[in-house]
């Protein structure tokens, strides 16, 4: 179960509120690389973890709980950036002190057009669980596979795209308070990338591959598990670490296969009379 | 641009059609770990690849193209497993030769209840781009971040959960033809896991971390980039590779931090008169 | 604006309530071929119709309004089929008089497993705007393009798949009341197919093609507008009405083109330093 | 920011694991009336709360934090109910000790057909953020309007449908551990209904209406704000509290209006030449 | 069944077409607080209403039917506001007489950037069933729970957020015709809030609580149904109507509970060999 | 199975990169009228085709494969148009050589506000499978009904809305390279409209109607299959090809019916005690 402290994990300040930056920050809340995603992903991985030990479950709970505080920081940052956002399209309602208005030609209308409209119309100038184009987050992005090694790669993927996003936000930002908040979040993403890679190392890199390692590898097709398939018409292909030499897991040797059909043309045959097909399909 | 051969990549045969297995296979077509996902993910990564060399773009095209053939195999397998599926809830319409009917108590009705209904009602006994519960695939799952290292981890994640799914399908299957098809697909997933890890190795493991490595790491918070945050109430935590010793990227030292608020309670203040709030919020 | 009569468009009766058939009927409510779709599609086409005359707007309103009554009939049919559905997984709660229970081995549990669970858990044994697998209808399926000819083909498509669905439901049904209701709905789908084709005829078949016919056809690529592209590796292709002879619109002649690249390999070049790419991509 | 205790809010025990009940419980996790919804809804209402006082923000944080523990309990309950779920469709893989198998005719296949397939195929026998038909939760259901009174009614609505769901699950359950867990959750839903109604009372029932009460009510149409519109063809209507007497907010008198068009037929006129319409629409 | 009159419910006029306001209006059509939602919600509540009397079913039909006319008005308003919207990004195509162009710096391009692009590209300058950021309406927002009291609170919630939205649109509008239309819709939302509250009053406020009132309240946990849970780390909490005094339903006494775990740490144990987990999880 | 050539189907060049046009092009990739849709639709129709001959399956494969190349062209065009897009909201980061900046008032901020933000934040200045408002493509739009005639109308509908979209993009474009690319794609859409109509002709126009033609038409309601329903209150209706004369399929005669209820008021009766309804509903 859970507790809260109403203070923030890290300071969130905005000197010059900018509705356009509020829109960008929404990607870090409700984007597929955002904080709701990692928070819920780590929780569901923890809650469903089956193993002889509760060690990984425990660790996941620590970080999942940390991530709630990140959503909170970002939601606060969005609200602060919307502080002086325009609420009207009327000419006389010219915005005062809004970065957007200044940069976008001076009109409130210009500023409002750069916003996610739901931030105003649905939320009254507050954050929402949507991405930077206003698309709501969908929980199908919570990857918790029941395989701890697969989950760790999902987590590294999430934190890699997450830190990439945070860096893009840092590069786009002009407010010192926002840059400071982001320089903290980028650091946490570094740690989280490292943390999941550390678990992979603990699980034994080669020993853990291919995932899942509980499937007897002799049951997979031995002719097609370490060869790069070339699908170009002329048979050309780029050489690399993946076309020759020992495989990464040390269990095979990379080779190259010029792809061709190993099966026949499939023929499903005539449709059944009761299946709603055209008479011609029934034959 | 693209070409096709109407023969299949690998043989697909079904001795005893089973609508219940058709449902399971749908996860490998339209599930988030399925083949539409990897196919489209590799294509979009290739088409958007920006780099001094076209090497990775090229490689991605080979494998993306290969994956179309996997969707095709699975769609064929679904159609074959639906060959004798019931189309009626009428008692007298008892199924003949359907595995589902035999195992599910002998009634066509039992068999039909175990199916994705859209496979019959929308598709006339054919495959659809939906998962094993009938939920359509959503393209937000195509991860192509513009960062090649992040993309490679997304790909390892996709193939790890993908091979886990294929193994589960193999374990669930009873038909020899289906087991053979899956033993091939499991092998290809092995190669694809290896292939993306090979790219990561080529990119230089430590040098590539943290992702993105183009952000000057001195700009991130130096106090919070290699410490594990403990969020338990009593301060207990599980020790592991991530709590002490050199970080995986060799650029820091893992430590432990008992988490506490570093910021203050945020106060957004009164609502604006024109924002649709209650009068009490405006103050 | 709109009026209602609380009587139904056509009688809806169910002698033997069957939760399994209730599930099937949901496809005709909330499926992409269902009645919410055509109802809303015709309304949005009408409300957005721009033309020198209000004739098509008017006609669309007649049929859109008719379709509300179809959703109502189906929602009533679902509720009636759920009348004796089980609400408990307890053994002693054996269902009484439920078709599902009788056919599915006699247990209430068997019957409940064949249901859309939300029909019970979210709606208390009533219809919902979801398809036969419980997936909510999404309004992106409302096609109203602003081009009346394109819209008419969208409508023919909707009524063709809609009548196909209704026929499948008729074939699956065992209750006489349900068959009667469906024999009516199938008839209306016939009329609606005819009706939209009648508009296309009025618009002038050849003259209306290609859609939109307001684009000066000389502005489209004259080498590539009437030739069938062959993409098979060996150049083989199936001959048909589309490979030779005058085109359907009478404005061209069908030919065959063995496809090949007309463009070059695209090269996007190096990534920008501030774009969150890996350092290696920046070059 | 947030803390956790790895113990559960309330005991969760399952004597007889039942995959069919696991499916039902998913509605309370990822259904629109479920716990993810209320948890995130209260968080976003708190984080975006604008008011002269932080009182409501604070209160919302207490309950939002409580709700994380409810998701955790339910996720645990789902995993426990899946403990002996079948993983294979093979005949010889007859389930042992599974309630589902016993009740569903004795076959593992029968039991697996009653499951959300993703619980096995995507999650390896664990909970997911999906509803009881396997549809992922979508964050558009997080209502946080920026108006505290509107939000409170959204919360009463959420807890009313939530307690209705919990009661249905209680009625459906056969396991004593599950009934005990649910008798606790039903009690919490009672408190939460009361709690949000208490806020509405504090805000002043009549004074708070109509919502938002910050809009000068004289600006709304004074002829049409307290009259019940009759849309039946014959003008009949059901009498009730809403057709006569003082309005609930004490600011008007209920009357009845037999509806008729107050506007004219809208005419959008001809389409523009560059808008992709048919030539006939352009006129 | 249903009838229509091609005249509008209320006059809809636009003096100065503004594509930016068209975008805003879309929220009232396809937003979660919009008119499609209430229309369909009241219909599904009516069609599924189970009760000894058809009184509430009847009443719901009156208002659901009224709401179709509201969608129609808004769709007309969107089309009128798009009347002079730009269709080209070409410099020379400077818009003439468009409010957006004037206010946004004079360029057609500025005006087009403020639009939902699908309004032009998919609909040819007409309304669509999407929200103000272009996200299609999803029917999962139709709440019809089978419990009439829960439904009424869902309806109050819908009309409260709906009137809040209408007020925001009124505040943002500059066109007199639009303000007049909205002052009518705001009035109807007032009536509808009142109407659903009137039903709640008829159902007996205290007697109807907690919802559902058909569950014997002695079956819920008597220790946890009227106490406010404090989840702050330091035990502090905001006092209010919900922390002391009689509960709103008069059936309990509000108290305060400093939350702590009542359960133990859950242990799911080792994974099964056939479940696709890593070998290390199987133990 | 499939092959690729890394050269493009047709040349794609951009002289003046314009992020605003990149946004528009996204509709042709991930919009419901876009290329992913037709590509996947033709593939699923081919893979599930049941008929005595593989002729239509074969033909569909040719065109589905062609369409992959169209997605590729558009993805390339989007990336090229994003080449000089701004990545920062800082004033000093004024864009250089960007059309958007020049036209939008000269500021980088103006240009960035006109973009789909995910194109920058999620994809690093590359294409995504989303529409022109950033909404991801959803695979429920893949219509493959199992009825070849219904499918062909779905395809004509897709290509009609698709060509309408392409024409709108052509009209909006200012870059000669983009206009050239689109004049090619418009031509291909012409051919594809023709191609599906050619199949319909081959299937026999009248003989193929009503779809599905495998349902014995005498089983449908003979009183209601060729009459236009008038639902206007005053009985007025627009005369047209659909109100009199032989039906399009030659199997009936169009007539007009002034609609009225043919059924009674439906009465669902009291709710069950265990269904979570209010006590008042149970009666």
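Note that the chains take the letters A, B, C, D, E and F in the order they are written out, and that residue 1 is the start of every chain.
Heads up, the rule we're going with is that a contact is a pair of C-beta atoms (placed from the backbone, for glycine too) under 8 Å apart; a residue touches a chain by one contact, two chains touch by 3 or more.
Chain labels with UniProt names: A, B, C, D, E, F = Mn-containing catalase.
What you are looking at is a predicted structure, and each value in this text was computed from that prediction instead of being measured.
Student: Could you tell me which chains are in contact with chain A (Mn-containing catalase) and with chain E (Mn-containing catalase) alike?
Tutor: Chains touching both chain A (Mn-containing catalase) and chain E (Mn-containing catalase): B, C, D, F.
Student: Find the chain most remote from chain A (Mn-containing catalase), comparing centres computed as mean CA coordinates.
Tutor: It is C whose centre lies farthest from that of chain A (Mn-containing catalase).
Student: Find the chain most remote from chain F (Mn-containing catalase), comparing centres computed as mean CA coordinates.
Tutor: D
Student: Compute the rotation angle for the C-alpha superposition of chain B (Mn-containing catalase) onto chain C (Mn-containing catalase), expressed as a multiple of 5 degrees.
Tutor: To bring chain B (Mn-containing catalase) onto chain C (Mn-containing catalase), one rotates by 120 degrees.
Student: What whole-number Å value describes the gap between the mean CA coordinates of chain B (Mn-containing catalase) and chain D (Mn-containing catalase)?
Tutor: Each chain's C-alpha centroid was found; their separation is 28 Å.
Student: Rounded to a whole Å, what is the gap between the Cα centroids of chain B (Mn-containing catalase) and chain E (Mn-containing catalase)?
Tutor: The computed centroid separation for chain B (Mn-containing catalase) versus chain E (Mn-containing catalase) comes out at 32 Å.
Student: So how far apart, in whole Å, are chain B (Mn-containing catalase) and chain F (Mn-containing catalase) when each is placed at the average of its C-alpha atoms?
Tutor: 26
Student: In chain A (Mn-containing catalase), what residues contact two or more other chains?
Tutor: Chain A (Mn-containing catalase), residues with two or more chain partners: 1-9, 32-33, 48-50, 54, 58, 61-62, 65-66, 76, 79, 87-88, 105, 110, 113, 122, 124-125, 130, 133-136, 138, 140, 145-147, 149, 161, 164-165, 167-168, 171, 211-212, 214-215, 231-233, 259-261, 265, 268, 271-272, 274-277.
Student: What is the shape of the graph in which nodes denote protein chains and edges denote touching chain pairs (line, ring, star, complete, other)?
Tutor: Here the contact pattern is complete, since every chain touches every other one.
Student: In the complex of these two chains, what residues of chain F (Mn-containing catalase) are touching chain B (Mn-containing catalase)?
Tutor: Listed in rising order, the residues are 1-9, 30, 36, 40, 43-44, 47-50, 54, 57-58, 61-62, 64-66, 68-69, 71-72, 75-76, 79, 122-130, 136-140, 142, 144-147.
Student: With touch defined as at the start, can you tell me which chain D (Mn-containing catalase) residues reach chain B (Mn-containing catalase) in the complex?
Tutor: Per the stated touch rule, the residues are 1-6, 48-52, 54, 87-91, 105, 107, 109-110, 112-113, 116-118, 120-122, 124, 130, 133-136, 145-149, 203, 208, 211-215.
Student: Hey, which residues of chain C (Mn-containing catalase) end up touching chain F (Mn-containing catalase) in the complex?
Tutor: Checking each residue of chain C (Mn-containing catalase) against chain F (Mn-containing catalase) gives 3, 5-12, 32-33, 54-56, 58-59, 61-63, 65-66, 73, 76, 79-80, 87-88, 124-125, 135, 138, 140-141, 143, 145-147, 149-150, 153-154, 156-157, 160-161, 163-164, 167, 170, 183-184, 186-191, 193-195, 197-199, 201-202, 209-212, 214-215, 217, 219-233, 237-238, 240-242, 247-249, 252, 254, 259-266, 268, 271-272, 274-277.
Student: Along chain A (Mn-containing catalase), where are the residues that touch chain F (Mn-containing catalase) in the complex?
Tutor: 18, 20-21, 23-24, 27, 31-33, 99-100, 103-105, 110, 113-114, 131-135, 161, 164-165, 168-169, 171-174, 231-234, 259-261, 265, 267-273, 275-283
Student: Any idea which chain E (Mn-containing catalase) residues touch chain B (Mn-containing catalase) in the complex?
Tutor: 164-165, 167-168, 171, 233, 274-276
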